[in-house]
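Next up, some structures in structure tokens.
Note that chain A is present in both complexes that follow, paired respectively with chain B and with chain C.
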Partner chain A sequence: MAKIISTHSFRGGTGKSNTTANLAVLAARAGHRVGIIDTDIQSPGIHVLFRLGPGDFRYSLNDYLWGKCRIEEAACDVTTRSIGQVDEDADRPRLFVIPSSLKTGEIARILREGYDVGRLNDGLQDLLKRLRLDYLFIDTHPGVNEETLLSIAVSDLLILIVRPDQQDFQGTAVTVELARKLDVPEMFLLINKVPTGMDVVALGEQVQSMYQAEVAAILPLCNEMVRTASSDIFCNRYPDHPLTNELAAVTARIVGANP
Partner chain B sequence: MSGTTRPDEIDLLIGKMKTAAAPLREVLREIHARHAAVDEGQVADYIPELAKADPHWFGLALATSDGQVIEVGDCRQLFTIQSISKPFVFGLALEDHGLEHVLSKVGVEPTGEAFNAIVLDEASNRPFNPMVNAGAIATADLIKGRDFPERVTRLLAMFSRFCGRDVYIDNAVFMSERLTGHRNRAIGHLMLNFGMVGERIADSLELYFQQCSVLVNCRDLAVMGATLANGGVNPLTGQRAIEQSYVKYLLSIMLSCGMYDYAGEWAYRVGIPSKSGVGGGIVGVIPNQFGIGTFSPPLDRKGNSVRGILACQELSHRFGLHAFESGFSGPTLRDLLAPPRQGDLR
Partner chain C sequence: MSVADSLDAPPLEVVVQLLDAARGSPVKTWRFVGRASITIGRAGDQDVEISDPYVSRLHAELAWREGQWMLISHGRNGVLVANRPITEFPVQADVIFQLGSSGPTFRFRSAVEDDNSRHTLDSDLEPLPDFQLDASQLRAEVDEIEGGDYFRKLLDQAKTLRHKRTE
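Our next item is the complex of A and B:
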């Protein structure tokens, strides 16, 4: 069975898109067919990490929601550019990115007119089937909106990303409550951008008891990530970095339970 | 989402998302895709406005009695309600006059005659039932109001309560209906001859042509069905559209007479109280559970939407929706709407 994983953070700047992209690349490297869809229609960003410009894709998620294309037509195969040496015909690994539109007018139109959330779910289900995905990662908009709630509602796993920051902590409580109302089967937290010198054991325990939800990893704030500045996939550039190892452990948890 | 969001708004939003994510959506898409491929039937062409419909249009919508709506296909395309208006206007007549008076003017017996037959019950001079044209005209004649505009306003207000939005008349269809409605005028005058309708029959015929020309979409039909399924209260607006005690009288007449001269076989095979119209719509009601709306203009020889019939039939068989189904062991629509989700919530 294919698995849908949503990553979410209540506020921007938590490293959500970076983390999602890295988890997806690592999952693909582990030999799976993986998709990432950018449902952050208002402020799309995942394309940047895969260096996709407006000229690299003909259709976006917006086009699908307007009925201009089938969802799989909006999928860009980024296997070669993000994983490297893979046989053209190989079934696995394979990595697809489904971007949101980068055009101001199209972003404005979706915000103005809205769309049928049921159709978004149809698109997610069609992606799983038509691209024969093992895993579909959904990069959601920060905060709570319809795309986010739908993503949580259809997910098998929800990953919440927080920084060690009181505003993040309070906002995340809202998401946790909504996720429980939506009966998401599995949920865990990643604490990201933790500065050196912080007592990570105490932090982990604090967050865990705050939400009654597991903290799967505590990821350090590192200069290399900051310097990469979302121009590349971190785990590709720094394959032996401790952060890459931590992300690989999280990936193993996601794909390990569902080989 | 602002800090002022009320808890019930959150529940509504959560419900909407659960419905959008429900496996039932996939099932409806699959049913829709299969029957969309069916290429049979003829679009009604007795007036030019109806003949303009695209034969590919096909919508399938389901609304729960607690207000969740699933729409697949062309669910927002407007079309004229036509005969689907009949049970609803019958409901308004019941509210205006009570059961006994209404039954003295129109019967509730199924008839094997065509819907537009010029025939009355010989013993009582009543039309056989409110779903044939004669009965629907007699029913329209019962709608109260100081004058004609007020009667139209009350009629539209009733449909608006059922749909949960303001509805309007398609003027081109209305004009065509009244220009070509000679047969219906003949029926009206026959009833006038027998004293079954009053002197205002000319107005009542106009009202009847108006009621047939109300514009709805497939989603509206599902919501109208869900309102009946919910004891007469529109589950989207919380507004009462008809008195609870009359709902059963609408549903029983829909089950026995709702599908033109296919009604008997429909009650037997499908068993869902339903009403179809030559505009291509069908409304179905699963009491206490769901309203079903289908829309596809190509009609079979009895005047029912071909794809609509197939979709309702499949829903009924797969999910045990027949009114007299008992001991059904398969999955129900409800199971697919809110499935137990696997896994432990940590």
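Our next item is the complex of A and C:
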């Protein structure tokens, strides 16, 4: 069965989009049809990681929400540029990105006028069917708004990304509580950007006991990720890096039960 | 490291954790592999060095003896397990102990199964900040969102939305 995976963080700057992109690429590399939708309409970012510029796509999620196109028309096939050449006739692997508009005027319009969240839900369901996806990753907007709540409500798995930071922890606790109320079938935390010298064992135990939720991985703050500066997919540039190995283990956990 | 370390040292990794006095959560961790003696005290040459006025220079020791870990008290203020002073205490797999009635509390765990076992010794870690949730703020924020029309509607629809695609 197709799986919807939302990645969320309460505040910006946690590395959410980077982590989502890497998990999606690794899931595609494992032989699946994968989509990533950037619902962070106010501050889109996924397109940068896949080097998609305004000239690379005709329609965006914004256009779909305004009724200008069907959702699958806003999907860019990034298979070749993100995992390499695959047989054109092959059904799998495939990776699609559904970007949000990069045009400031369109971002401003969405903020000003809002949009029909119900239409977003239809779009998510249609994407799964029409692109025949195995996994759809939703890169959500930080904080809690209607779109975030919807993403959580429709998810089979919610991945919460936090930094070892008091404000992150407090805000994330709200999301954890709401996700439990919405009965999300599975949820785990990734602690990201953990500086060298921090006691990871104690950190993991403290966070786990704080939320009564599993910490699936503790990911280091590493120079290579900083140097990549969101210009590339980390796991592609550093395939043997310990961080890539950690991300691969998280991916294996996501796709493991759904080969 | 004592001379005993070279003799019949246990192969498994063990962990000593300094616990937060109020909440019992770990704030610092020391990991050891292949050690037969782990000393705890205020002096700079102890394996677990703890700067605390209630702690003796050598206060406690964990020693591997005849196939078992023993917790041994050396300090003037003694070592407590479950609020009782001990001189020597056989450890099964896990023990929480306090250095004196006013000193810090530790947890010792043997037979640790952990993905991070590639580390042989991490004794130079920074103490973890004391992260805490403000429960009343959390309650207020969750209540506010939960009480909103949108959330109530979503709550009714959540399962339907999730299973819509399987129909």
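Keep in mind that, in the parts below, the second predicted complex is superposed on the first by the 259 of 259 C-alpha atoms of A that agree within 3 Å, B and C clash if a C-alpha of one lies under 4 Å from a C-alpha of the other, contacts with A are read in each partner's own complex, and residues count from 1 in each chain.
Note that in this section contacts are C-beta pairs under 8 Å (C-beta built on N, C-alpha and C of every residue); 3 or more make two chains touch, one makes a residue touch a chain.
Because the structure is a prediction, the values reported are computed rather than measured.
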item	value
Combined model on chain A: chain C and chain B, fit or clash	clash
Partner chain(s) touched by A:149 [first = chain B, second = chain C, both, neither]	both
Partner chain(s) touched by A:102 [first = chain B, second = chain C, both, neither]	neither
Contacts of A:183 with chain B and chain C, given as first, second, both or neither	both
Which superposed partner A:69 touches (first chain B, second chain C, both, neither)	neither
Partner chain(s) touched by A:86 [first = chain B, second = chain C, both, neither]	neither
Of chain B and chain C, the chain that contacts the larger number of chain A residues	C
Contacts of A:214 with chain B and chain C, given as first, second, both or neither	first
First (chain B), second (chain C), both or neither touched by A:120	first
Partner chain in contact with A:173 - chain B first, chain C second, else both or neither	second
Touched partner set for A:206, first chain B, second chain C, both or neither	second
Residues of chain A that lie at the interface with chain B and also at the interface with chain C	117, 121, 125, 144, 146, 149-150, 153-154, 156, 178, 181-183, 185
Sites on chain B touched by chain A in the complex	1, 10-11, 13-14, 16-21, 25-26, 29, 70-71, 341-346
Residue ranges of chain A touching chain C (in the complex, touch as defined)	1-2, 4, 117, 121, 125, 128-129, 144, 146, 149-150, 153-156, 164, 166, 169-170, 173-174, 177-178, 181-183, 185, 197-203, 205-207, 209-210
Touching residues (chain side chain C, partner chain A) in the complex	15, 17, 25-29, 31, 114, 116, 122, 124-129, 131-134, 137-138, 141-142, 145-146, 150-151, 154-155, 157-159, 161-162, 164-166
Chain B partner contacts - residues on chain A that touch it in the complex	116-118, 120-122, 125, 143-146, 149-150, 152-154, 156, 178, 180-188, 213-214
